[in-house]
Amino acid sequence: RLILATTTSTENSGLLGYLLPVFEERFNVRVDVIAVGTGKALELGKNGDADVLLVHDRKSEDAFVADGFGVNRRDVMYNDYIILGPPSDPAGVGKAKSAVEALTIIAEAKAPFVSRGDDSGTHKKEMSIWKEANIEPEAPWYMAAGQGMGPCINIADEQNGYVLSDRGTYISYKNKTELVIIYEGDEIMFNPYGVIAVNPDLHPHVNYEQAMNFVEFLTSSEGRALIESYKMEGEQLFYLYSN
Amino acid sequence: MEKVLQVENLRKSYNGLTVLDLDSLSIPKGQITVIMGPNGAGKTTLIRILALLEEPDHGTIWLNGQPIPEDENHRLVLRRQMGVIWQRPALFAMSVADNLGLALRLRGWGRKKVRTKVEEYADMFDLGDLLRKWPNELSGGETQKVSVARSLIYEPDIMFIDEPDTYLDLSNRHLVEEMVASQVERRGMTALMVTHSRHQMSRLAANLVILQRGRLRWSGRVDNLETKDWDEELRTFLGLAEPSA
Amino acid sequence: MEKVLQVENLRKSYNGLTVLDLDSLSIPKGQITVIMGPNGAGKTTLIRILALLEEPDHGTIWLNGQPIPEDENHRLVLRRQMGVIWQRPALFAMSVADNLGLALRLRGWGRKKVRTKVEEYADMFDLGDLLRKWPNELSGGETQKVSVARSLIYEPDIMFIDEPDTYLDLSNRHLVEEMVASQVERRGMTALMVTHSRHQMSRLAANLVILQRGRLRWSGRVDNLETKDWDEELRTFLGLAEPSA
Amino acid sequence: MHYLAGALSRAVDLILSLDPAVMEIAGLSIKLAAISTLIAAVIGIPVGFILGTYDFPGRSFLASIVNTLLSLPTVVVGLAIYSFISRRGPLGRFGLLFTPTAIILGQAVLATPIVTALTMNATRSLERDLQMTALSLGASRVQVAYLLLLQARFAVLGALVAAFGRVIAEVGAAMMLGGNIEGYTRTITTAIALETSKGEFAFALSLGIILLLVSFVVNILVHYFQQVKHRGGVYHGESSPSREFA
Amino acid sequence: MHYLAGALSRAVDLILSLDPAVMEIAGLSIKLAAISTLIAAVIGIPVGFILGTYDFPGRSFLASIVNTLLSLPTVVVGLAIYSFISRRGPLGRFGLLFTPTAIILGQAVLATPIVTALTMNATRSLERDLQMTALSLGASRVQVAYLLLLQARFAVLGALVAAFGRVIAEVGAAMMLGGNIEGYTRTITTAIALETSKGEFAFALSLGIILLLVSFVVNILVHYFQQVKHRGGVYHGESSPSREFA
């Protein structure tokens, strides 16, 4: 039994359902997926309650490894963030040249903007862009919802506002929301995923052997091929680093 | 004699067993009528029906010459002219004072008026020391006295009394009898009283009704009962002969 | 005469009011002792204490010469030799048959034995038709009879009976008296009976205890009571003189 | 274990410092739970009383339905109401979604079956004697109900306490319908969910402790209020029961 | 509105097709809720009985504590137990986290205050007469308790139904402690949460409807079982009450 703690967005994207059966067959192990937020996944790792993590927040991942909780962190893949808004794009965000400019336009128009507000990878990304733009977003147009991605998209939809989302969640919500992609493509909005094995020196009980198998599987040519070929609603979701 | 209650063809059964089956019965106004009859004869059932608290299977009831209305509001007005002292006293989980004043409060009386009246009746029934007690702190006889006072306090036109003696010592029996009798005399209240005591019956009753197995066995005025031509069963029942056990 | 129960210096108060205060009292074995006294005299309280169901504030009780043990298991054994017929009958929400058999089941009797015994007692008390009924389907007198039979069925050594007449018609009073008396005669059961009826007292009692305001007013054998030198109060109380209301 | 210790001292800090953010969400939580419980009481007590007191065909079936509704999951209630008040739902034009009103709606739906079921059980255990007595003293139907409920007050008040506890502790409806928006619809439980998802377990636990404290204070106040009410009963002479009727 | 219609037809489909995945999680949900309710009954009924029946110093304070515990949020219970059974917690070496046993632990903690509080209220409303009568018939302390609980059976059974409903509908503890692992610890409610987070609202709702159906069937069975039990009472002649005692 291998306990994999990962983010809800990864689980919801369906990628794991595609990858794991192959892995389980190959290494003759059952993988139990615990889908939670990145922060909580890292906390589970710290306590030794998971064997391996698949998460997306580079900064905390590095801290996690630096503090000795995890070993053998590898980049796995990335997808990207996009800015969603109503099709009419009332604030005119569509003409922005960069992500920073897009958020600046929203702030100046005081257009409704829904923030995850939950310290998730997505939220941290959003905060870093605000910082770049030198803006302190404020209520009431700025709504810190403190919820998962899906609910935030729904709130933005209800409020006719904008929201920063990962592409995977948007694709799965596409036919449930009226929001459309208003801005995409800035490199600052890339969303890298890493895999980390929990440190067996700290937690001798963890299934380190299978954890390493998993790390290697994801970064093997077979794993990479599977990731690249995974499509949701006909669209590729995850991209590989060319290494 | 004016009749306050008349019933005709009254029948009531539970689970298919008939417990009350009266062709015709009438209760004179402003007097005490005593109902006697063995256990299970249907006395309490009759009271529940006459007090409009239970529907008979069929039959007609006239109150002061009028048939009983269907309408609940109208019935409530009639019910408020009646009182029942139940065989098994049931006080509410509130102080004795609150129990005594309850019926008046239900009729919308103000706090102060209720209080004065409660004190008056507490005096009459010698319940002064108990006003602040709760039902679970009373002795059996105290409970019964509160229950009697609680019904007499609102001076109903018709009072049904199911065994007033229950739990009472001799002097309290006497007291309760007097209280009932005085309301009959003073205000012309009608009382329908169940008792198993022939002595109590002859002290109080103007009329007697004898029920047996749900049927009317005898009814009439209470005159020279001792010399009436009773059959053996009734003689025994009335305590005019020793039971042949 | 052997004493089954003896108390000394017994005191009980509620909320600071003393309701029972007995210097010394003893109950002879194998006979009927009647307790009389006005409402609120402390009769029921005395029964609760003697039946080991309530702790007195202080005082000592000897049962068959032994002080009452502290240990709950030991007390249970003693309690199982006693029975109480309460002033206010309380049946459990189960069929009459189940109520009758309850005490036997509590003592671990098997179904079949219980059933035979229940049928025997149902016969004796003329309750055969009621066995399948539930308490809320009984008349007052029926309830009382079930309650009496339910306690006599396990043939306790000491039986406390708080007003056996309650709700009963004359012939059922007679029946209950007989049933109690026969267990006293046949098995040497001790009975402690509260009643307000002097006639019942003189029919049954070997000894009389009179309580008043929690104190022992008189106790002794029941011989020539009529001619005793009572004071006026007791004469009235015993019904030997008319109350001067 | 390690979280609990941290959580406790953090909770104490937050309370002693009267942290304004915490005070605000605690206040909102109490308010919403109290209003929902009130709505549930207005609906559930009469319905429960009728189901407990009257015998009519279909009573038993209705009672089973009420009991079933005790297992309404909060998120299902959230979803169902969501689909009514979302912009595309039939009540969309009122703009209720992501407002405190929406939370109240959801919580009232959760609390009503609780109050109903427990009132039903409480009044069902009452003796018929009391009903007869009340009627014979001249009580109208409504007054009878009042007296019987008074008689069963421990259980009925217990029903309200249980319903209040249920809704102040629930998170699904508050999250889905309120949206956990900071400074507007964030309650203690949605804040706890948020901190948990951040991995801030100790902080989440300390909020949980605050929630329990809040409930404790509310319970004590209710208890106290109940005592005061007793003293002001029907008779106003000096009627003050020395102990509760059991 | 649009979800509800879709959800309903989807639920019907899932049930009619006896979808094995749905059957499995429904079975697990029932099993876990039943075991937790049982544990809660074993603890809560005696404690509630004592709090309801005996008067001792501190009783009122303890009662307030129990009432307060009614507002334990599921995620707080989840977190607290997590901190005990996490690998770093004192019970870490048993490896309980993310197992069905962990869920049972959490749900039992949630259910126990409910059973306790409601049993307390039910027995508190009983007349002392009955206790005296039971004792005088020779009942031991335990037998007295049994008889009084029998007398209050509507309310006590109602307490168990309420507790069962609470835990089968709760998601916080099941999610935190079970981990929503497919085929192992996924219950109806964690599945609902998952589908909701995916935006599959109609499917989530249809699972909610299935949950309610499951509860309904369980309630009907309990009701039926209770009737059968009555028939097999103390006296075995022909004692079968024609109607329930009210």
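Residue numbering begins at 1 within each chain, and the chains themselves are lettered A, B, C, D and E in the order written.
By definition in this document, contacts are C-beta pairs under 8 Å (C-beta built on N, C-alpha and C of every residue); 3 or more make two chains touch, one makes a residue touch a chain.
These numbers were taken from a predicted model, which means no experiment stands behind them.
Chemist: Return the chains common to the contact lists of chain A and chain E.
Modeler: D
Chemist: Give the chains in contact with both chain B and chain E, ordered by label.
Modeler: C, D
Chemist: So which chain is the furthest away from chain B, centre to centre on CA atoms?
Modeler: A
Chemist: Since chain B and chain C are copies that touch, just let me know if over half of their interface numbering is common to both, same, or not, different.
Modeler: same
Chemist: Please work out which of B-D and A-D is bridged by more C-beta pairs in contact, and write that pair.
Modeler: Between A-D and B-D, contacts are more numerous in B-D.
Chemist: Using mean CA coordinates as chain centres, what's the gap between chain B and chain C in Å?
Modeler: 28
Chemist: If you average the CA atoms of chain A and of chain D, how many Å lie between those two points?
Modeler: Whole-Å distance between the two chain centres: 38.
Chemist: So how far apart, in whole Å, are chain C and chain E when each is placed at the average of its C-alpha atoms?
Modeler: Inter-chain centre distance comes to 45 Å.
Chemist: Using Cα averages as centroids, what's the distance between chain A and chain C in whole Å?
Modeler: About 81 Å separates the centre of chain A from that of chain C.
Chemist: Among the residues of chain C, pick out those that touch two or more other chains and give their numbers.
Modeler: Correct list: 15, 88, 136.
Chemist: Where in chain E do residues touch at least two different other chains?
Modeler: 88-89, 127-128, 151, 196, 201, 242, 246 - these are the residues of chain E that touch more than one other chain.
Chemist: Could you pull out the residues of chain A that touch at least 2 other chains?
Modeler: 148, 151, 154
Chemist: Which residues of chain B touch chain C in the complex?
Modeler: Interface residues on the chain B side: 14-15, 37-40, 44, 87-88, 137, 139-142, 145, 162-163, 166-175, 178, 196, 236-237, 239, 243, 245.
Chemist: In their shared complex, at which residues does chain D touch chain B?
Modeler: Checking each residue of chain D against chain B gives 127, 129-130, 132-141, 143, 147, 150-151, 153, 233-243, 245-246.
Chemist: Sort out for me which residues of chain A touch chain E in the complex.
Modeler: Where chain A meets chain E, its residues are 3, 8, 11-12, 32-35, 47-49, 148, 150-151, 153-154, 172-173, 176, 203, 205.
Chemist: So in the complex, the part of chain E that touches chain D is made up of which residues?
Modeler: Chain E residues touching chain D: 1-4, 55, 60, 64-65, 67-76, 79-80, 82-84, 88-90, 114, 117-118, 120-122, 124-126, 128, 151-152, 154-155, 157-158, 161-162, 164-166, 168-172, 176, 188-189, 192-193, 196, 201, 204-205, 208-209, 211-212, 215-216, 219-220, 223, 246.
Chemist: Please name which positions on chain D make contact with chain A in the complex.
Modeler: The touching residues are 86-87, 97-98, 175-176, 179-184, 186, 190-191, 193-194, 196-201.
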